[in-house]
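Here chain A shows up in two complexes: once beside chain B, once beside chain C.
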Partner chain A sequence: MRFGKLFLFAVIVAALVLLPYLSGRFTRTMVSEILIFALFALSIEVIYGHTGMLSFGQAGFFGVGAYSVALTIIHANAGIATALMASVVSSAAIAVLVAAFAVHLRGHYFALVTIVMGLILYYAATGWRSLTNAEDGLSFSRPLLFDSYSLSEPLVSYYFVLAIFLAVFFLVRFLLLSPLGRIFRAIRENEDRVRYLGYDVVLLKVLSFAISGALAGFSGGMFALFSAYANTEFLHWTLSGEPVMWSIVGGIGSIYGPIIGTALLLYLREGLSSYLIHVYPIIVGTIIIATIIFFPGGLAGAIKTRVAHVMAKRASGK
Partner chain B sequence: MLETKSLSRSFGGLTAVSDLSIQVPAGSIRAIIGPNGAGKTTLFNLITGAVPLTSGDILFEGQSIANKPAQAIARLGISRTFQLTSVFPELTARENVWAGINRVSGSLNPLQFGSRVRQNERRAEDILEQVGIAHRASVTAKELSYGQQRILDIAMALSASPRLLLLDEPTAGLGVKETDTMTALIKRLGATMTVMLIEHDIEVVLEVADKITVLYNGKLLLEGPPAEVAGNETVQKVYLGHQANIKGAMTRSSHA
Partner chain C sequence: MAETLVFQLLNAMVWSWVLALLALGLTLVFGYLDIVNVAHGALYAIGAAVSWWIIQATGAPLGGFLLSLVVAPIVVALIGIVAFQTTLRPIEKQPPIYTLITTFGLFFVLQHALFLIFGGAPRSVDLPVATLIPLLDRTYPLYRILMACGAAAIIAGLWYVLHHSTYGTWIRAVQQNRDVATAMGIPARQVTLVVFAAGCGLAGLAGVLAAPVLQVRYDMGIDIIIDAFIVVIAAGFGNILGTIIVALIYQLVQGVMVMMVTPVQGKVLALSLVLAWVLIRRKGLLEREKRR
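Showing the complex of A and B:
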């Protein structure tokens, strides 16, 4: 099984590496966006899938991350690494600030605070026009990568996004499989018991929200770099719902689920939009309702159950 | 080991624990009994920091722990189980117990080496072995039988290396055989740490307890060795009602 999983992973990575040579601009751009937004969806996996706290304010972090990149490049002449670092630090800082009081709330109340946080960040950004240029946004020219490669080159841009995605994916996977990730899951299951085992649950929840915020901010920063642009729509609350929907469809509680969900729904949106833009919300809504009813564990959960079933059948056949 | 001084806790107009002073010496097994609403679980909640005190003090090994946060009290060496089984349902039995061990070993560092994690997992398996459910280590807690979940609950409390263990109705809902297993386990634990237990099964109480504290309406009604408490008429009246026969239970227990 472990070998099978590794093989599948190698095939997917090989396909992603070869993709620019096998397909055109449209697919390449779409896959790049999927990879960036998959990181955005992983931020939901950290805070909700693992720690059990639902956040509907992730677009706030996404937008803050995007503006951090735009502003540091425009005003401080920052390089790519510095700009991305700024997106991580600024969004994590806001997450810590909000979490310091929000993590004392549970369930729906926590989710409500994250909605309010998202709204405050959105209206602050649209109101502070001198800094953000509101919906007109900020365009900027991207610094060179390693002082020699231009992100305007389609191949450079694609491989840059792919490399960053793989690096961050492995980092998040490592974190979620580590003792810290395991305690996050314990908090999701029964936070009182974690407290009675002697852990500082408040601190751990703040940490989880900070990691999630940093990840969402980083994906926003990546998206700004990818499009050489940031505007206040990046902070819009409707965008906050997207990673939650992708994660539900792909499967909450699995690191692969949010990625599968993001790929499927963004592919659908891009594939359909030119013909059926008006019915897209209806189709996505139907998929989400069907997933919740028929596959509560999402696609990743359904695949896992199916594989376990086949393995059990094979084992009993022996 | 543990001492409460004029401990009180009121919820609105209701006084759940009132002016309670008890002493539990190290190395003993103390049973807390009393009818429903006597304040037994509130006493545990006060000791473990789940609810704040209204007045009084609680000393653990001579140090006041009154109104300290629950996690700080756990870190001093007080562990508890719950009336309603409290485990991590989606985590394996091994992971459930690992959580406490990992806290004691002081590391949440995601960069800690895999060998450290495995070492703590092996210690978790040792504890599961000690309580008799090692063969279920890789099963998620929700898949365990009810009795096994109650035992896992205790294993989790043990994982935090307590010097004082509080068991809230450990045999509630268990069958006869499982109750026997649990009774033997409590006796074994009593040999290595101080145990306080809330228990309704009077046979279990008489078999394991060194001393019994009887609470009634949040107040201390009587305290003494099992034989003395069992023979007390007031206890029989308030706790067991007129038909029950605590002496009979004691006889059965001594024959068992």
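Showing the complex of A and C:
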């Protein structure tokens, strides 16, 4: 089983590495976007999948991250690493600020406060036109990677995104498998017991929200770098729902679920949106409702039960 | 300047009743069913669209409008019933937070289904009552005053039903303890369905009332639903009086601030105040302390 998993993983990574040589520009761009948005979806996995607090304001972080990259590059001539760091720091700082108050709220109230937070960021960004240029947005020219590679080169851009994705994926995986991730899951299951064990639940929840916010901000920064552009639609509340939906469809509570869900739904969107722009949301809405009703564990959960079922059958057959 | 202020305040007071009506639908469904209905804005748009169709079909601004006041909420409530039975009933036993995700999916489905039927172009509805009242050298449309009165009457009726009728007692009983209520012979399943349908119907009604003032668009619910949510959060869920007061304060504050800062800045200020209020109090304004 362990070997099988590793093998599958190696095949997927190999396919991703070889992809530019096997397919055209359309697929390459789509896969890049999927990888960036998968990080956005992982931010939901941290805060909701593991810690059990649903955030509906992630677009606020995404947009703040995107603008951090755009503004540091435009106004401070920052390099890529500095710009990305700025996106992480700024979004994590906002997350800490909000979480310091909001983590006391439970269930719906936390979700609603995150919605309001996202809205404040959105309206602040649209109102501060001199800084953000509102819905017209900011275009910028990207600095060179390691002072020598241009992100306008398709291959550079693709491998940059892939490398960053893999690095962040393993970082998040490490984090969630670590004792810290285990405590997050314990909070999700029973917050009071964790408190009785002597853990500072408030601090841990703030930390979880900060990690989630940083991840969302980072994905926003990556998206801004990838498209050399940022506008205030990046902060809109309807975008906040997207990573939640991707994660639910893919399967919450597993680090692979949100990635699978993102890939699936974005693939669907690319396939449909060119001529059926208003049919796509109807299909996605239906998929999300059907998932909640029939597969609460999402696709990853369904696969897991299926595999376990087959294994059990094989074991008992022998 | 003073004249503008008067009109701003008048507009705010009038509009706050429509907002309160919309927010009441939300607060009813959350307070009594533990469902945050994100699709509420889409239902409001559907109500407005149905009203437009009826007025077009009948060709009579007033007659069609009055007809749509009856028909549109029923249509929207029926959509709500179908949505509830197919999407929310099956997850009744799941954690309540799931309903937020489900209704987000519903919001997508309903809003874009409306686009496919209604089209993307904004359409306007003629004022059912074209009379203008002279006021301070200017005129004010009588319809807006009537609209506010209508919304207030509906809210009063809702309050009466909830607190002074047998069915209202049932609704409150089911909210307090569903199992005991069922044991007492109250049809809890039916009650929850009726509450949800009523909440949706209120969204439809608000849509009909707002249609002649605003333009009817398939996505007209996106912005106002946010205001409604803000009102509901600040007022505390399931609280009728609080909802009315907060809607009024929210609109008045925005109306006055629009004269000093840009509308967007006004919104940021208003939102920040609400957020600070909720975070400090950790509860809605006027919310009864005992509510669980």
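Everything below uses one rule, namely that the second predicted complex is superposed on the first by the 318 of 318 C-alpha atoms of A that agree within 3 Å, B and C clash if a C-alpha of one lies under 4 Å from a C-alpha of the other, contacts with A are read in each partner's own complex, and residues count from 1 in each chain.
Heads up, the rule we're going with is that contacts are C-beta pairs under 8 Å (C-beta built on N, C-alpha and C of every residue); 3 or more make two chains touch, one makes a residue touch a chain.
Small disclaimer: the values here were computed from a predicted structure and weren't measured.
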Checklist line | Partners on chain A (chain B, chain C) - clash or fit | finding: fit
Check: Thinking of the overlay built on chain A, is A:I36 touched by chain B (first), by chain C (second), by both, or by neither?
Finding: neither
Note to self: Quick check on the superposed pair: does A:M222 touch chain B, chain C, both, or neither? Answer first, second, both or neither.
What the structure shows: neither
Notebook entry, point to check: Given the touch rule stated above, what does A:V113 touch, chain B (first), chain C (second), both, or neither?
Noted result: second
Notebook entry, point to check: So, does A:H278 touch the first partner chain B, the second partner chain C, both, or neither?
Noted result: second
Check: Taking CA centres, what is the chain B/chain A/chain C angle in steps of 10 degrees?
Finding: 80
Margin query: So in the superposed three-chain picture, is A:I211 touching just chain B, just chain C, both, or none of them (first/second/both/neither)?
Written below: neither
Margin query: In this superposition, which partner touches a larger number of chain A residues, chain B or chain C?
Written below: C
Check: Where does A:L105 make contact in the superposed view: on chain B (first), on chain C (second), on both, or on neither?
Finding: second
Notebook entry, point to check: Once you lay one complex on the other using chain A, what is the shortest C-alpha distance from chain B to chain C, in Å?
Noted result: 11
Checklist line | Interface residues of chain A shared between complexes with chain B and chain C | finding: none
Next item on the list: Write out the stretch or stretches of chain C touching chain A in their complex.
Entry: 30, 34, 36, 38, 87, 90-91, 94, 96-98, 100-102, 104-109, 111-113, 115-116, 222, 226, 229-230, 233, 262, 264-265, 267-268, 271-272, 274-275, 278-280, 282
Item checked: Residue ranges of chain A touching chain C (in the complex, touch as defined) -> 54, 56, 101-102, 104-105, 107-109, 111-113, 115-117, 119-120, 123-124, 126-127, 237-238, 241, 244-245, 248, 278-279, 281-282, 284-289, 292-293, 296
Check: What residues of chain B sit close enough to touch chain A in their complex?
Finding: 48, 70-71, 74-75, 79-80, 86-91, 95, 98-100, 102-104, 107-112, 117, 156, 159-160
Check: For the complex, which residues does chain A have touching chain B?
Finding: 174-175, 178-183, 185-186, 188-190, 192-201, 204, 253
